[in-house]
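Consider the two complexes below, in which subunit A is the common component and subunit B and subunit C are the respective partners.
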Partner chain A sequence: MSFITRGFGGRSRERDDRLPPGQTLVHDFPVLSAGPTPEVDTAEWEFTIRTESGSQSWNWDEFMALDIDEVSTDIHCVTHWSKLGTSWRGVSLDTLFEHVETEYDYVMAHSYGGYTTNVPLDELLDGKAWVAFEFDGEPLDPEHGGPARLLVPHLYFWKSAKWVRGLEMMPSDEPGFWEQNGYHIHGDPWKEERYW
Partner chain B sequence: MTHLDGNSLAGPLSEFFAFDVTVAVAKCEGCGSIAELARAMVYSSDAGSVVRCDSCGQVLMTLVESEDRAWIRFTGMGAIEVARTPTAG
Partner chain C sequence: MSDTIDTTAGIRAVPRAGWHVGTVVAVHRETPNATRLELEVDGWPGNAPGQHLDVRLTAPDGYTASRSYSIASSGDSSRVVLAVDKLPDGEVSPFLVDEVRAGDKLELHGPLGAFFVWRPGGDHRPVQLIAGGSGVVPLYAIASARAEAGDETPFRLLYSVRTPDDVYFARELKALAGTSAPLRLDLVYTRRAPDGWPTPPGRITREALEAAVVPAAQHPLVYVCGSTGFVERVADWLVGFGHDARSIRTERYGGM
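And now, the complex of A and B:
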């Protein structure tokens, strides 16, 4: 019988505790996409939260005037790569939802280009998610979702919708793009919720 | 992100279908364009392949593969037309 014991042997051979099961550390930033890269000018960019009773929108200048967080976090892609200690700047979803009243518990994120992904509202609040517009001190590159992407680092990275343009509140959990096509409706990397 | 044409589907889909998918003809439910799947635009990454209409860009089908399973969804196309070889009768 073989088993793994933590705390014995050289540190360099230990698995990093920050890596979820089945993940491999990378130092580059692979690009995954389901279609052409939308080119969205910040002059035309708008972010909208739609609820059962109405909507709240911010243009780029209004968005930049909100409280901005510096975020250092690990990210985990369902295609088995993880990147540790990434640096972002963005607006917390807590800040955005201060302006929003809703009874609904589920969210569909919508992106420029048509991509969608679903996340329960309670997994976007309490410091767990941002709309990020800078990575590593630079404006977010379009191929990584610029001008702004959702950042939900505790879930697999397909939930961190690139080119995000808004959130739609929903009364029940509905699958987004990849979730309709084979990927898990929730996507917790620590539980390896990769596929249906 | 760059894309390939539908001929790139031949290899991955030959595992699942007995006919050559690339010469099958499908109608895009977005714009009504009727074309061989070889003409479609295929966006492939480690996450999966997304096949889009070359006329309007709508998603026609998706292919997601894990080590032991695959998910194939005909999202935006209706019937698939497959050529038959007439048998001598």
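And now, the complex of A and C:
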């Protein structure tokens, strides 16, 4: 049903094929959140993976002792902005799941502050996701999800849960906070899976 | 992991989002920098107070640009009101503010968002609205919905704005403040205040914020909308005053 908008020429003629449809390149770092920014002290921070049979937890020091990846990636927010070539440091979900046994295929990410978002497990493994704690060479700002956030750059950025504190394995896909409030259950930017 | 946030205002309670064509039926200069667009939207399912929509513009060569805008109206009507601030380096907002005229058609997707909403007829928990600049748009929709429903929930709006000329919905807000169950309106001017205004212009301070909001002891539901810097500062202070973080809902604009 798309039609030409009378009088609109568009400003940016240099299209970048790294930009998914409906996205605009930004150079700052906008924020999408639904409430106040939680303050989380790394001394109290803990990250837990919970399965049908038990759980595994890391405190901050234990987490920092894991293998750390440097990640350079494009990120895409559902509110139409993208950033290209952002640099992060974090722990790969492959590392975190190395000793986790589960029959379940779906994950609910839980955050400090009570927010949740759902992601299928196979979209988090094989080098596709991290728990990141550094952005651009600096500790991650609280308003951008610090001390640590999930980083799942191939999905819209609300899936990269800020202030992440754990992953809960689920037998079936369930909508999290953002998905219950209108965002797509999956969130692929290349298919413009923004809303449902 | 049991502190999951309450999502009772979830997606099932709002109309389903979809693509629509809106015809501009009225254009009104809202402030020197902003315009109000009234659209008749074919098939619009109505929207809850506080929701937003996406506008998608398409150039002759197929290039598209999409942005989100809060909706200033609510209810079952197919008439949708937007108020758009022109951003200095913007691509879409200058078009909407300077170029669009009555009769133009715009592609819209919505209504969107199910969390930053308020509906009349609830539990009458007091409501504090806090707006920075054009962030007043969804809050105006919420305050109007309350008045239209004759709901008497205590309501207060704190509105931070550059100058008296930059106030959106100035006449309408004044009217809402004069009803039998009035909206209590507090204005903060950041650049220029009216003659004789008791405080010099400037960013709102922590003390001024605390004095102008429903106290935490009354457990208000708080809606904050504005730039990221404004929202971060205000929400942090509110938590410091003892407001429950889960009673503070935020929406931000900016970045593009």
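Everything that follows uses one rule, which is that the second predicted complex is superposed on the first by the 182 of 196 C-alpha atoms of A that agree within 3 Å, B and C clash if a C-alpha of one lies under 4 Å from a C-alpha of the other, contacts with A are read in each partner's own complex, and residues count from 1 in each chain.
Here, a contact is a pair of C-beta atoms (placed from the backbone, for glycine too) under 8 Å apart; a residue touches a chain by one contact, two chains touch by 3 or more.
The structure presented is a predicted model; accordingly, all values stated were derived computationally and were not measured.
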item	value
Greater residue coverage of subunit A in the superposed arrangement, subunit B or subunit C	C
Partner chain in contact with A:195 - subunit B first, subunit C second, else both or neither	both
Which of subunit B and subunit C A:158 touches, first, second, both or neither	first
Which of subunit B and subunit C A:31 touches, first, second, both or neither	both
Contacts of A:85 with subunit B and subunit C, given as first, second, both or neither	neither
Which superposed partner A:166 touches (first subunit B, second subunit C, both, neither)	second
First (subunit B), second (subunit C), both or neither touched by A:15	second
Subunit B/subunit C common contact set on subunit A	30-37, 79-80, 114, 143, 180-182, 194-196
In the complex, subunit B residues that touch subunit A	1, 3, 43, 45-48, 50, 52, 57, 59, 62, 64, 66, 69-71, 73, 75
Contacting residues of subunit A [partner subunit B, same complex]	30-37, 78-80, 114, 143, 158, 178, 180-183, 194-196
Residue numbers on subunit C that touch subunit A, as the complex places them	1, 3-5, 7, 9-11, 14, 17, 19, 21, 54, 56-61, 63-68, 91, 95, 99-100, 104-107, 109, 112-116, 228, 232, 235-236, 238-239, 245-246, 248-252, 254-256
Residues of subunit A that touch subunit C when the two form their complex	1-13, 15, 21-22, 24, 26, 28-38, 48, 50, 79-81, 110, 113-116, 143, 165-166, 168, 177, 179-182, 194-196
